[in-house]
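In the two assemblies presented below, subunit A is common to both, partnered first by subunit B and then by subunit C.
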Partner chain A sequence: MSVSATTSETEVMTEPVRKSSNKSVWLITPGVIWMLLFLVAPMLMMVYVSFWTQTTFKITPDLTTKSWVTFFTSETYLNSLWTTIRIWLIVLAATLIVGYPAALFVGLFVKNKTLQTALLVLCVIPFWTSFLIRVLAWRPMLGKEGAINLILMKLHIIQQPIEVLLFSELSVVIGMTQIYCVFMVGPIAFMMGRVDQSIIEAAQDLGAGFWRIFRTINLPLTMPGVVVGAIFVSVMVLGEFATAAALSGRKVNLLGNIIVTQVGSLKWAFAAVVGVVLTVLMGIVVAGLLRVVDLKKEL
Partner chain B sequence: MQAGGIKLTLGVYIALFLTFLYAPLMVLAILSFQIGPEGGPQFPIIEWSTYWYQHLFGLTPPSRIAPLPIKEALFRSLALAIMTMIVSTVLGVSAAQAFRKRFRGQNFVFYLIVLGMMVPGVLVGLGMALVSNELGVARHWWGTAFVLHVVYTFPFAFLVMLAIFNRFDQSVEEAAWSLGVSPARTFRKVTFPLIFPGVLSAMLFAFTLSYDEFSRTLFASGRDLTLPLAIYGTFSVEVHPNVFAFGVLTTLFSFALLSVYAILMMLSMRRAKRIAIQEEA
Partner chain C sequence: MSTVLSLAGVRKTYGDLNALDGIDLSLPDDSYVSLLGPSGSGKTTLLRVIAGFETPEAGTVSFKGERVETVPPHLRDIGFVFQNFALFPHLSVEKNIAFGLENRVENPITDASVVKTKVRDIIGLVGLAGLEDRAVTQISGGQKQRVALARTLVTEPSLVLLDEPLGALDANLRTRMLTELRRIRQRCGVTFLHVTGSETEALAMGDTVLVLDQGRIAQAADADTIYNEPKSVAVARFLNCYNLFSGAPSDGRFAGPDGQFPLGAEKRFSSAVPGYAIRYDRVGIRPLDAPVAADEVSLPATFVADEYSGPAVNSFFQLENGRVVEVETHLSVAPAPRCKPHARYALVWKQNDALVYA
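Entry: the complex of A and B
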C-alpha cells in the first residue's frame, strides 16, 4: 500500500520527494557514522593488529604472521577453541531441551491470554536483573555446602556432597543454560502462538493424536523460532567469559577468557588473533544457522 | 498418552522450569541476611541480620572484609546509563524515521545497525582498546566505554521504533502538512505524542542494558570502575554475602525502574484513550 502511494507521489510532485529523501539522509547519517567509527573501525583494527609483531610488553606495527602461527601450534589455544565449541554445542542443546517444552506449554496449552502473558513475563523478568549477579547466584546453589547438596543430603538421596557441581565444566553449563534459555523460549513461544488453530483442529477431526500433530504441524512451524533462538544463544555463548570466570574456578578457558588474560598481560597481538578467530567462528555459526531456515520467507 | 496427560506433565514442567529460573536468586536473597562478619555465603543461616546491608553502606565497624567500592561506581553507572539512553534513543528514533522512506543502501544500513547488538562485547571492547592505544586517546568510562554502550543499545532503540512506525497511521501527519504546519512542528505536536510509548520502551531498553553492561566496559573504561566492573572484581576472590546484599538491592532497583515504566506507559495509554473518546464525541 505504502509503495503505491510513494510511486504516485513521485509522479505528481517530484520536488518535495527529493527534499524528503534528502531529509532521510540527514536522519540516518549520524547513526551510520557512529556504527562505522565505533563498531566497524575497531573490528578492522583488531584484524590489522593481529598481524603486528608482539614483544614482551609492546606491539610494533611490523607485519608478521607470528601470532597466528603461535595460536595454531599452541595446545593451550587450540584446547580453548575446542572447549568453546564444546560448551557452545552443549549449552545450545541444553537451552533447546529445557526451553522447548516450556514454550510448548505456554504457546499451545495456555489459552487464557492474560495467563499466557503473565507466564512469559515471569520468564523474562530475570533478564532485567543484573547478569553478573545471576551468574554469582549459582555459587551458593552449587557449592559443596550449597543449597542443592544440602537438600539432596536432607532427603537422603546422597550421602556425600557432590563436589563436581561447582568449579567444573558442569557448573558453567548449568549457569549458562539458566541465563540464556530465556532467549530460546521467547522466539519459540512467539512462533507457537502464531500456529493457526484451525489446522490443529482439522488434524484432530481427522483423528491425529497429540504426538502426530506435534511432529507434523507444531514442530515444523516453530523451526524459525528455534533458529532465531539458536542465533541469540550462540552469539552470546560464544562471546562469553564471565560465567566461566565465576563458576569454573579457572578450569574452563573459553576464547573470551583467553582474550581477557592476554589483554591483562598486554599481549595485544595475541588477543587480537583470538578475537579474529572468535569472529570467524561466530560468522560460520550464524551463516550456518541462517541456512537451515530461510528466515525472510518464514517470518 | 492423552493430550490431557501431556498438558498436566507440561504444567508440572513449567513449574520446575520457573523454579530453575528463580531458585538461585531466592537463595541469594535469603543468604544476604546472614549474620556478619563471621557468617559465610552458605547455609545454614547462623542468625538473621541486616549486617551485610549496613556493610554495603559503610555503617559497620571495619572488618577484614573490604567494602565494595560502590559509591562512586554507582554514580558512574547511572551517569553512563543516562548518557547512553539519551543518545541511543535520539539515534534510534531518527534512524527509524529515515527508514519510513525507501532509500538506497537501506538493507546495508539495517544490517550495519543490527550488527551492533550481535557482536560480543569482548570483541568490540578489544577493538576499541586497540584503536585508542593507536590514537593515543585515554580510555574512560565517559568516552570510549560510552560510545560502545551506544553501539550496543542503539540497535535495540532502532528496532523498537521501527516496529512502532510500522503500525503508524501516516494520514494524521499528512493532514497536518496539508494544513500548512511545518514538518518540525508536525513532528513535535503530532508524530511524537503518537510514538511516545515506543520512545519510552527504547529508553528503558537502553538504560537497563547500559546499566548492566560490563564486557564492553571492561577493556574500554580505563581505571575507574562502574558497578558491574566492581562486581566482576569479586569473581576472582572469595565471595562474601555483601555481594549478595548488593545483588538484592540492584534487583529491587531494576524492578522499581520497570514499575516507573509501567506507570508512565499506563498514563500515556489512558491519555490516548481519553483523546479518542473526545474525538468520537
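Entry: the complex of A and C
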C-alpha cells in the first residue's frame, strides 16, 4: 500500500519538472536567437573582416594579417590604445571619487526614502537632453572666455585665462566624468540603501566609531555597487568617441575616434581590427572587475 | 546589591505618541531582569534610549553612577542584542564575534592572539565550537542568536540589553535558549535586561520582572509577586491568566455589567482603574444547584468549548451578556470537567482568591 503510494507520488513529482524544463527552453529561445543574430554573429563577422585585404577603394575577402600588423607596428595606433587606457583609468577614478561620497550621502545620511529617490532622479535629469548637447555645453563653460575663466578673472584669482581647460585631455576627462558619474552613483547608493540600519547600530553598540564602521562595514558591503558602477563606466568610456571629438580639439584620439575615421574613409578591415582590440580590452576589464566581487552571491 | 542602571522621569515622544511617559527604574548589578510589555508599549524605545540610539526629551539615565543621556552609543559600556540579530553579513562567525574587540574606540585589542583566545572562550561558552569559519548566512536561527549574544558578551559590557531575543526562534528552541541564557548570564556575572512580549518568558527568566504599560513602569517585582498580585488591571491583563471584570465596589459588593460579587477577604489594591480579577485556575465548575459556601462567589454561565493542552484543560463559559469567562483545570489536581455544550453551570471561587482594584 505504502509502496504503491510512493511510486505514484514520484510519477506525479517528475511530470511537472519535465514540463517546466520544456517551458524554460521556450522562454529562453527568443533571447538566444536575438543574441546569436545580433551579437555573436556580428562579432564573429568583425573578427573575420579584420583579416580581409584592404586596398584604397576596395575590400576583398582574401585573408591577410596586414591590418593587424599595421595596428601593432604603428606608433599612432599604439599611442591611441594607451590614451584610451589612460583616459579610462582617470575617468574611472574621478567618477569613483566624485560618485562614492555622493552615494554615501544619499544612501546613508538621507533617511527619507522619497527624498532619496528625488536626489537620484536629480542625477538623471541631465540625461533628458541629448548627449551631444551635454558635451557641447562644456565648451562655453570651459573655453578661454568661458564661464569658469570669466568668474575666476572677475574674482581676481587668476590674471590670464586658463587655456588648458578646453581642447585638452583635461576637458575630455571633465566632460566624461560629468556624463558617466551617475552610473557610478546609482549602484553604490542602491547597495548603501540596502545595508540594514540595525547592522550599523550593532557596530556602534560594539564600540566602533564612524570611520571604523565605514571601513569595516559600509565599504565592504557596497563593493558590489562599486564593481557594477565601474563596469558601467568602463564599458561606456572605453567605447567613447564623441566627448573626445567635441572637447579635445582633435588632440585626444581614442580607439573609438580611430574607428570613426577609418569607417569614414571606408577602411573596413582596419576599423574591424580596432573594434576587435577594443572588444578584447573591454572583456579583460569586465572579467577583472568581476573577479573583485562575487556578484552572483551579493545580488 | 548595587545599582548598575537607573532611569528617572525619562520621556520620549514620537509626534503625538508618548512612547515613554516618565520611566523610573533601577536595575541591580548581576541579575536577570525581564521587561514585559505588549507591542506598542514602548519596550524597544526604552531599550534604544538606554543603549543611546535615541536621546530622551526629559529625565535622566545614569549608568554605573554617571549621567549618560548624551553619551553616544559607541562610548557606552552597554551591549545590545538585536531582535533580528543584525549580524555582519560579510563576515564569518569568528570575525563577527571579534568585531567589537578589534574595532572599538576605547582600548581596542590589537594583539591578534589575545583576540583569538577571547573569541575561542566565548565560542565555547555559547556553544558554537566548530562553526568559527562559517558565513553567518549559512547557520541556523538558534546559531545566529548565539553569535549575536557572543559578539556582545565578548566585549564584556556591564549591561546587556536583549530585544525580544527569542522572538525569531521556534518554540522548541526558545525553551532551550531560555535555560542557556540564564546559564550564560550567571557565568558572565553581568545584568541582562530581557525585553519580551511573552508573559511566560518574562516570568520564567526574570529575577525581577518589570511590566511596561503605555510608556510607564506599571509594576516592578519578582515573578511570584507579579503573577499572584498584579498591582493594576493592566498588569493583570498582560499576564493573560486573569478573568477581569469592570465595575466598582459599593455596599459590600463589587457591582458591574457582568454581575455582582459579594466582597469579603479579597486582596485589595488602590488603582485608578477599578476592577475585579480572578485567576483562571482559581475558578471551579459546579452544577447550578450545588450549594455555595458563605466565603464563595458564584456566577452562572453557559459552557461553550474547551481546549486540551496536556497538563490542563481550559474551558470557556459565556455569561448572560455574552462576556466569555475562562476556567483552567489542572489535571494533576482535578479530573477533567467534561462539561456538556450549551449546559448551564455555576462558576465558583473563594472570595480571598480574588483581587479587587479600587
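What we mean here is this: the second predicted complex is superposed on the first by the 265 of 299 C-alpha atoms of A that agree within 3 Å, B and C clash if a C-alpha of one lies under 4 Å from a C-alpha of the other, contacts with A are read in each partner's own complex, and residues count from 1 in each chain.
We adopt the following convention: contacts are C-beta pairs under 8 Å (C-beta built on N, C-alpha and C of every residue); 3 or more make two chains touch, one makes a residue touch a chain.
Predicted, not measured: the structure shown is a model, and the values here were computed from it.
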Should the pairing of subunit B and subunit C on subunit A count as a clash or a fit in the superposition?
fit
Can A:W128 be said to touch subunit B (first), subunit C (second), both, or neither?
first
On the A-aligned overlay, A:L150 touches which partner chain: subunit B = first, subunit C = second, or both, or neither?
first
Touch check for A:I217: first (subunit B), second (subunit C), both, or neither?
second
Inter-centroid angle subunit B-subunit A-subunit C after superposition on A [Cα, multiple of 10°]
90
One more residue to check, A:E163. First (subunit B), second (subunit C), both or neither?
neither
In the superposed arrangement, which partner chain does A:S24 touch: subunit B (first), subunit C (second), both, or neither?
first
Touched partner set for A:D294, first subunit B, second subunit C, both or neither
neither
So in the superposed three-chain picture, is A:I199 touching just subunit B, just subunit C, both, or none of them (first/second/both/neither)?
second
Please determine whether it is subunit B or subunit C that touches the greater number of subunit A residues.
B
Superposed, subunit B and subunit C have a smallest C-alpha gap in Å of 11
So subunit A touches subunit B in one structure and subunit C in the other; where do those two contact lists coincide?
none
Touching residues on subunit A, where the partner in the complex is subunit B
2, 6, 20-21, 23-25, 27-28, 30-32, 34-46, 49, 98, 101-102, 104-106, 109, 119, 122-123, 126, 128-134, 136-141, 143, 145-147, 150, 178, 181-182, 210-211, 235-236, 238-242, 245-246, 256, 259-260, 263, 268, 271-272, 275, 278-279, 282, 286
Subunit A to subunit C touching residues, read off their complex:
196, 198-199, 201-209, 212-213, 216-217, 220-221
Residues of subunit C touching subunit A in their complex?
51, 53, 72-75, 78-80, 82, 84, 86-90, 99-100, 103-106, 108, 151-152, 155
Contacting residues of subunit B [partner subunit A, same complex]:
1-3, 6-7, 10-11, 13-14, 17-18, 20-25, 27-28, 31, 41-43, 91-92, 94-95, 97-103, 109, 112-113, 115-116, 118-124, 126-131, 133-134, 147-148, 150-151, 154, 158, 170, 183, 208, 212, 214-215, 218-219, 228, 231-232, 234-236, 239, 243-244, 246-247, 250-251, 254-255, 258
